[in-house]
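Following this line, the structures themselves.
What follows is a pair of complexes built around subunit A, which joins subunit B in one and subunit C in the other.
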Partner chain A sequence: MRSLGLGVRSLIRRRLRTALSILGIAVAAALLLDMVLLSGGIEKSFAELVLARGFQIRVTPKGTLPFDTEATIPGAAGVLAGIRADPDVETAGAVLGTPLFGRIPDSLVTLFGYGIEPEAQGVYEVTAGRDLGPADSAGVLLSPAAARLLDARIGDTVTLVGRLDPQALASRPGRRLVARGLVRWVYDARGQASVGTILPVMQRLAGQRGDDRVSVFVVKATSDSGVAGVAARLRERLPRLEVNSVADLVVHFRKRLVYFRQLSYILGSMSLVVTVLLVSTILTIAVGERLGEIATVRAIGVSRATVVKQVLAEGSALTLVGAALGMVLGLVTARYLDAILTSFPGLPAAFSFFVPRTGALLTAAAVLLATGAVAGAYPAWLAARAPVAATLRSEAT
Partner chain B sequence: MRDGLCSSVPSEVPWWLIASMSLLLTLCLTLAVQAPARLPGIAVERRLAARLDLSVGDTVRLGPAPDSLRVLATVAAVYEPRPDPAEVPLESRRIRMHLPDLAALLGVPDRVDRFGVALRPGVSPDSAVAVLDRTALGYQAYSSREIASGSSQTFRVVSRFHRAIAVISIVASAIFLLCIMLLKVEERRMDAAVMRFIGVRRRTIFGALVLEAALVAMAGSAAGTLLAVAAGAATNAYYRRFFDTTLTFSVITPGIVTFAVLLSLALGVLAGAVAAARLVRTRPMVLWGRG
Partner chain C sequence: MTPPLLVATDLRKDYPMDAGTVHALRGVSLRIDPGEYVAIAGPSGCGKSTLLQLIGGIDTPSGGTVELLGTRLDLLSDRELTRLRLTRLGFVFQRFHLLPVLTARENVELPMAEADVPARERRTRADELLAYVGLAARGGHRPTQLSGGEMQRVAIARALANRPALLLADEPTGELDAATGRDILDLFRRLNDDGGTLVVVTHDERLAAQAGRVVHMLDGAVCD
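Up next is the complex of A and B:
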């Protein structure tokens, strides 16, 4: 503590230099924190998104990821019965995603349609009104954007049109449905206009009823520990479909966003290098300026270890204050950077790139403190090996 | 039919000629039945060809779904797709085939995803789009500019992110530079004291220190530029290999170099001037450490 006190006093003596150093370390620390948040945040956010409704497994057409292509799976009822027959499956549901149109007084608007099984769905949360019943073929759920686009409120009737016929220069007859509720579609992009009906209604609208086609099956295992086993059994039973657990999907996703992960490692390393250079330069020059002082305290019996401790304490104090400031700055800049990246077209609105986590904050702080200590090592070594007699003689002349 | 054929043969034709002709005809018909139908040719993307170990002349089986690979096709070409940044991180690979072959494969004859329309000279794309959109339901017309703008949205976001990161990096480097220049000038306390003792004017000392700061900033900028060129080359080499593409990931333009050098110079001179001004205002004895 005494060393720390002496170190702090030494820093206070050079206010401008210390202030600039702290500021430099703070910016570097902010960048480091942002990169730590980015490197782990993407995967965490994605995993949370996929697990939003507790369904741990997705079954999709072979070679595809959920809603990645327009490919669909025929014979949904049979496949679903097979999935539900697994003893470790708590529940499973089918979802069909398809583009469709909504009729407004003088035109049509483009929408995205979900065909869902309300009793086993993993793609929405009701925010107003009520959910569809399992056999509610006259009801529809709207996202706020779709409600705005169709100028519809809960209880209003909307008309959905599945396909348009360019050769007949007309749309096919629409289906009139009553808006039962407003929902947040978990995988929707910001401002996406989506609607949902029970599966058979959407299949008819999309012309997919004949083969009973769906885009994805969502599966909830009875326990998290049983997920791998269920996934393995489903892969074996459904060799022509793609079975992915959340962990598998995270791996696929990680490959796609590898650029951001690598960027976070590179920029994080650069911010550490800047911190090391800054702290070690400041301390080296400070030690150089105080060689006479150091020689004097050594001459009156202060040990080398004490001198080294004081220099290291000075470095740690600089890093500590800079890091604390940097953490606050980093959280602010993370929000700004997240706002930029989440404006990617088509990205689910619930997705985040920078996710503040206690673990990430502690990691960044620990790495910074270790960096400060490393940066102080060289100047401390210089201070320890300063020749006492020669330095005193040179100071005297 | 046999009676008809026989009755049409002139009586003077020798029997062996008739027998030979019949044999030839039978052979031709048999060959025609047994010869394989012409297989559709496909062009395979290089990376897919490498992954599946395909080369020109190989036969592949295609289908609209994994359980319906019924159509045989021949690899007619292996092609290198035009590098597209939007597809770099994706693992999907492509084949190209003639439109009728694809339509037959998918079982959707006379159905397409899009049409490309070349306008006559002088026709405005926007007015053509408006006319086409009014003509029929079921499709949406876009001008090339709209498509380019829409598909470049992702890269605009990435550019904004890069700019924001660059601003943070510039702030960090600026503070670092200010610190270093301050220390550099502070190192000259004794020299400044001696110069003041022997009568050198404050303005001259100030000018010398600022010039020194500018030279240091210039040297640092030159080293930084070389470092950036090396880092850019390393980045390109790494990501080209990583994504197996010919795209350029890092571009160092003269504009970027000019901006970086000017910024470093300005910051270096500013920091040098601030530190030099403090130094020349201090009494020489204080600078000498005896004040």
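Up next is the complex of A and C:
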């Protein structure tokens, strides 16, 4: 029968109004949660994506990010040897990314090709069949989409064709390769048809073999604490290349997507304002309706503090239930919105905009509860200041 | 000589209005001794309810003093005055003013909960009081499930919860039919017989006549 119990019973007394209020708060809470998930989720998802295979450093052509452009780095073997010579580097590998074609009975289909070093790669996971050997120049790895496009199964032979020759308006000669396995390319967009061969094979297909060109080097340091040191030494040793740790990439990424963060802050703030207005309005109406009751309990000796606590408890109860419902609603809408946003062309399939995190959930819940208390402050003040004698007089007439 | 329970001296209450100040009380003095049953009678608007609010510490006078059990009410802070109303006074209103979300028993328990009486003790006392007012079987009912007379009985039980030194009732039968009103007055008579001190405001002279002493008021002043 203390404040919270009385508050809850008062809310139950006006079932429809309470239910509608809770729904309104739930919608605002869902929006707030989604904005909290969005504001930090993109970065977290990006960092997880970049770190998916444990390589903490990327070396790319100057002024670019991995696979950002078609720019390549010449003399890959020499650069790689220099990187591997660093005592704090556990392993490093080179990757070439290039557009190419696959031959099907009566035409060519567009593919994306990865040239990789299977013994040090950070761009795929084998999901069926087997990986390529380091010198397997006759094998190829396929994404499920590529396998479908080429109508190929593990063990089948496929023909890959390099860039079209713009002078002759004809393709280069094809290369026949045997599908060794199906893989998930970490940075592929949903449904992207990608294939992978060992680096020299892809370099030949792309016409990049002559000066041994690659798109990116991936580097794994012996420990996380050594990453910054390795990156600094590589920057010094390779001044004409771009060296970025995962933390650096996240910073770059954050700069590019700053508008997402701003959007989430603005919409999150708006949802809080809506919650405050909603709870405050409902409680103000409730206090107005119950002035007679409030004057009575004050007259019989109930303290202002008890009256204030009851109004605040009502606000907190409304917000608590609305927030709980809003959390569920927010998680459901976050999944739906995430599905829409990640279907944009070119985004890695493993990327997420809304990443549920315990910290984000707790933050949203704490902010909402604080909001409920703030929203109850004005009606609680009204209740505490209710003129007892005048109200009782007007109630009696 | 037993010291008085309540002494009101030269009480005045003015209400500033647009059309001029309304003098609701014009210097009323009153003494209530322990065990008395006093009726304050008079026509509507004569100031009797205002007087009750002043001696109950619900409102503050424009002039004069109220002394309850030797304590000047005008010298108390709002918190002290609230505490005094909770522990030393009991109030019964014309329109009962029970909390609709609470059962009859919980309404009776409310002042005891505010006074930090342990849960078991207040439940026992609430049941005793409901039995005293003849509602032993109605403790679990909400006010909307009770008749007017039953609601007023619950209100009386609530007023008695913290064993007040003085019970103040403002038109306690105003909302009740004649028969039910008589039952309530019988209950007040019994309370007084059991040692309770009561001040009852009423505009009904027949009901006032049941009190041990009647104070007549007219136009903001005692006219006896």
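The rule is short, and it goes like this: the second predicted complex is superposed on the first by the 393 of 397 C-alpha atoms of A that agree within 3 Å, B and C clash if a C-alpha of one lies under 4 Å from a C-alpha of the other, contacts with A are read in each partner's own complex, and residues count from 1 in each chain.
We take it that contacts are C-beta pairs under 8 Å (C-beta built on N, C-alpha and C of every residue); 3 or more make two chains touch, one makes a residue touch a chain.
All values reported here derive from a predicted model rather than from experimental measurement.
Engineer: Give one of first, second, both or neither to describe whether A:Leu23 is in contact with subunit B, with subunit C, with both, or with none.
Structural biologist: After superposing on A, A:Leu23 lies in contact with subunit B but is clear of subunit C.
Engineer: Tell me the contact category for A:Leu312 with respect to subunit B and subunit C: first, second, both or neither.
Structural biologist: A:Leu312 contacts neither subunit B nor subunit C.
Engineer: Name the contact category of A:Arg393: first (subunit B only), second (subunit C only), both, or neither.
Structural biologist: After superposing on A, A:Arg393 lies in contact with subunit C but is clear of subunit B.
Engineer: With the two structures laid over each other on chain A, which partner does A:Val201 touch: subunit B (first), subunit C (second), both, or neither?
Structural biologist: Neither subunit B nor subunit C is touched by A:Val201.
Engineer: Between subunit B (first) and subunit C (second), which, if any, makes contact with A:Pro345: first, second, both or neither?
Structural biologist: A:Pro345: touches subunit B, not subunit C.
Engineer: When the two structures are overlaid on chain A, which partner does A:Ser303 contact: first (subunit B), second (subunit C), both, or neither?
Structural biologist: In the superposition, A:Ser303 contacts subunit C only.
Engineer: With both complexes overlaid on chain A, does A:Glu293 touch subunit B (first), subunit C (second), both or neither?
Structural biologist: Second partner only, subunit C.
Engineer: Go through the superposed model and pick first if A:Arg13 touches only subunit B, second if only subunit C, both, or neither.
Structural biologist: The answer is second: A:Arg13 touches subunit C but not subunit B.
Engineer: For subunit A, which residues lie in the overlap of the subunit B contacts and the subunit C contacts?
Structural biologist: none
Engineer: Report the residues of subunit A in contact with subunit C in the complex, numbered from low to high.
Structural biologist: 1-2, 6, 9-10, 12-13, 292-293, 296-304, 306, 388-389, 392-393, 395-396
Engineer: Name, in rising order, each residue of subunit C that touches subunit A in their complex.
Structural biologist: Touch residues, subunit C against subunit A: 49, 53, 56, 58-59, 78-79, 82-87, 89-91, 93-95, 97, 99-102, 106, 109-111, 113-115, 158-159, 162, 170-171.
Engineer: For subunit B, which residues are in contact with subunit A within the complex?
Structural biologist: Subunit B residues touching subunit A: 65-67, 89-91, 135-139, 150, 153-154, 157, 160-161, 164-165, 168-169, 171-173, 175-176, 178-180, 182-183, 186-187, 242.
Engineer: Going by the contact rule at the top, pick out the subunit A residues touching subunit B in the complex.
Structural biologist: 16-17, 20-21, 23-24, 27-28, 30-31, 34, 61-63, 71, 108, 163-166, 169-171, 240, 255-259, 267, 270-271, 274, 277-278, 281-282, 285, 333, 336-337, 340-341, 343-345
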